[in-house]
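Going in written order, the chains are labelled A, B, C and D, and every chain counts its residues from 1.
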């Protein structure tokens, strides 16, 4: 049973834990870090790093997708982002990243431009041509409308992702878009689908039952997120991931062996955070803001996600990450080496090293490592 | 049984939770936000928003009462505030909100002017004329003295509100004002009364037994409040609301069905905070400081309440909210849209949206949503 | 049983609570604050306020002792402070409070001057002449040496106080001062003695058994204290007071009715803090730093205590309280009225008011008030 | 059983405590501090202070080793530091401590210079000549390679120390250095070995079984450490020390009386921190950063350790401690007297004093003192 507290007479609440409330405890033998593998396989695709680049226009462009593939990860292009709203979004990117700053109102205007299905198909084709494994993200609201173009153009992996979604969405009768039935939709596809985000056991289990190959846990909370203020929703990620891992075990049992991958998304800034997410039960992580400091990142040192440009209730700020001329390469950020001691670079070098210090040689084994909850200092 | 700790040998204390210690957990289906209703009905009055504007001179004037009604809420005029002490309080407001700042000593002097019963009656009449549903607040100490004028002038709802009150007040024999017997007083009235603030189960239950239509939980703690320092009293609102909801259930049972509305007041700055108060058990919220940033607010970007001008022991500061030329409209603050990502604007847009993400379509249902307690970060 | 946690295998630690972790909960009737009495009686001495001014040279001089008596409290002169080391300490006070600041090294030099028994006797005589009830503090190390002079000159109350003392001190064979046997020493006196500080049940009980009329709980932790850093000792005052109150009950039982007064000392800055200390079980409070802002205070807006000038290991800083021309009077600080909203002035006006809001009419009854532990915000 | 929490369904984590979450509680008699002994004996070596200077080039040089010995402690020279990479490292030290600051990249370059076995032997010889007890630190990776030179030159105590080590290291087949078998290595030596760091019961016990005379608990976390960020590893030292003390008891039992000394390393900045580490179960402490403020320290007011210069993933910053012309002597830092009230000087004066206030006369007895866990303030 999970830990609960009674916040008032007859009103219980569960105690959840953030990733930064937990830490890893090396408890067994140690191991040389060269004996460690961080490889991740989902469906028939294998990646050297257990990592997906988030569908943020600040991070994934057709160009960075190639570099991310080369370094061992999977890049997800936002199917409803700048590259599918504008033939050439360089002017928009310049405005967003201008020295003078860009207001949320401007961001709202830039993203008010409609998505073009032709551009969507064209971007998928460009990615195919560049030789990478193609992953595109669509929102649940627009999956029905846009998935045709995406699939026809030949995407390898489809990511259906809203901030928080459920397997059973009750739409208004008059909703502009037809409601998406995830279960029938996924059953009809012959490519793997990753869906999310979800934040708890029940939703994770229901999303697994849709036939998805992967489930995203969390909504990508980053340093500019205000979802907690705007909506009162907060996801203590250590708990959310561990709960989803319990759902994975339950689903494995009820299906007699179907293993759905968990992709943790949010509240991770360092190699240590990623390691803790894996130990809590994630198979891989989705990273947005941590990559936005890279010199190749289209956001030029800014980070924003889809919630930042919401037309009525924006739920995150456009973050200036404060990197200027000394931006690291994506390679330095992901696999090092680095001369930065913050833990924000050589992210997966850190992951391998701590796997070694805890004595594990694969991510799956590493999920058994010990955790400790330490007090606030 | 509530959670208790032993702070010393033989001395127990209960563990209380603040609203910012809890968060909402979407756990079921999601829902389109257009399918959601935030409507609130108390007695025969229905409001589109579950919201009462606090009787602070910084927020409610005869003019803003009209706009608040238009937007779907209920404005409560302070029957013992500037509008009933001064024929035209614009000079006093100008001093309070002057660029040079206004000291607490000045505030004390401004509020030392006696309340005029004629002005009180005149303000109620003005409000009636403007077509809004009229609500006036009186303090428990002065209810006996002033309620005659207020009732005669035709108020729709009477709010009897002190920082912390009880149903059973022991007055000095030589007290200037006769003690108020809430039970007999309310029984004699034929308009609904909202009373408070209270902070615990027992007091909430006793206040319900006075026949009040609504009970205010909390004393309106805001960013300038110093009640904790001056008196050692602090109200963890999540706990206080949940306890009062337990009292509501007990009273519903003992009366065979009389439902008293809970109005949460204090420690709410954002849409997320309001949502959490509702989920803890409130039927509506009373908002002061969050509205004081509006361009229509009489306080011109300052916030103060009755405790700020106490003649012997002021218990809150006059807060400068730091809005200047870019003050939002009341409409933007309450229902949006907004280009502000702090969660402090489009408050009820946020509430509808999170109700939808949690899968509920009415405030009453939303009180069943799941809560999580997350660690300090 | 007190709450314990296991910090490591086989190593338990108790969970203690600071005053600022607890808050008062009004739960019953309320009461007019004019019906409330804060009076305190120890031995045959009655005071309107449950309050002792700490033997800090920054607060108590022969002159302020008179004013403190007038306002209803008891001032304790430090028998080993500036007034007994210097015929006229005004030059030393000027150096300590100079604009340029005074280093700890200077403070050490100033206090290196030996105590004069003649001056000690003379100060007691001056206080007697001024008509106040005379209380003098001696350290346990020097009580044997100096108490003769103090008693002969006619002190009313003797305060034997070190930062942390015990009833059973093991001295070195070659110690400069003979060890003080508190039990036989107090038995031989015919004036009431207050001893302390202590921090736990066992020591409080042993100090009560010495025959002391009052026991000081805590060592006067203030904003400049570094005892936690220098020694690793920290006293969560809510727990320490509640434990000492349990010792008071045990001693009351074992003696068939001897009631020893608890004087809480440390971690109190506001009226709310004082109220919480009383509710935890204190009969009165000892205040140092909170009085040092007064215009009459000899420290001129600085605060220091005996630990600040320790010759080898000073354990608190000389605090500049940042009051300049606008220093309040002692009367404003203690009983108001005030136009300051921080809770640091009109301390006992706050105490009476919260006693009234909690429905109690005497300090002894007030010790039964409810407490709540609220989370860090 | 240790305290555990369920962070998610089926996922438990232990609750660990940092030193700054606990405090000492004086509960018995007090004692004169001159009756207290802080002496420490390991193998046949006795030290007046229970203290080892960390093998950081910022702290231990051949020169400071002499002064540390004189003051009562044991200095450990880093066998893989500047003094064994450079004939005269003064130029490198000047660059590291230059006013312009030194980047991590520069530090990496400086430490890229290979260790010279000749210099290693020469430094040991120099130390012998100066008359101190000689202790040299080697990393587990290089112990096989360098220990020959060190032992032959005549070291008294060998310290085998990595950030986190285990008794059973799994090396790659192709590892550059042969794997070290601690058990056989130590069995063959006739000088005492201190090994570490470790962070938990199991590893501590296994390290004791290697035959080591002492085990280091912790990895020397200091104000610039980023191991938590880079690797997700954090060691709540109060828990780690108490667990290792439990391992010491178990090992004492299984060997019928072999007592292995625990040397706590990390998260200690003040005398109070050291006292708490001893009470948690340490026999001595290893200090790095706290000594780096001394005027004799080779780091000239900077502190860095081996993790700061890691070639691929540096895990701590080069800390500027902000001492300039007023740097204290090592003597003031270690044994006082001081006119500094921060608790960072006269470290062991503080330790003796608190031992006295808790009524204990030796470090071994002091391990029984009471602890309290107090809330965050």
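Worth a mention:
Rule of thumb we're sticking to: contacts are C-beta pairs under 8 Å (C-beta built on N, C-alpha and C of every residue); 3 or more make two chains touch, one makes a residue touch a chain.
These figures come from a predicted structure and were not determined experimentally.
Rounded to a multiple of 5, the Cα-based rotation taking chain A onto chain D is 90 degrees.
Chain B and chain C touch with mostly distinct residues; of the residue numbers seen at this interface, under half occur in both copies.
One simple way to say how far apart two chains are is to compare their mean CA positions; for chain C and chain D this gives 40 Å.
Of all residues in chain C, those touching 2 or more other chains are 15-17, 239, 376, listed in ascending order. If you sketch which chains touch which, the chains form one closed loop in which each chain touches exactly two neighbours. Pairs of chains meeting the touch criterion: A-B, A-D, B-C, C-D. Of all residues in chain B, only 5-18, 20-21, 103-105, 108, 164-172, 174-175, 199-200, 202-203, 224, 226-236, 239, 308, 311-317, 376 touch chain C in the complex they form.
Residue ranges of chain A in contact with chain D, taken from their complex: 1-3, 15-17, 22-32, 34-35, 201, 238-243, 245-246, 249, 269-276, 279-281, 336-344, 346, 349-350, 353-354, 357, 359, 370-377.
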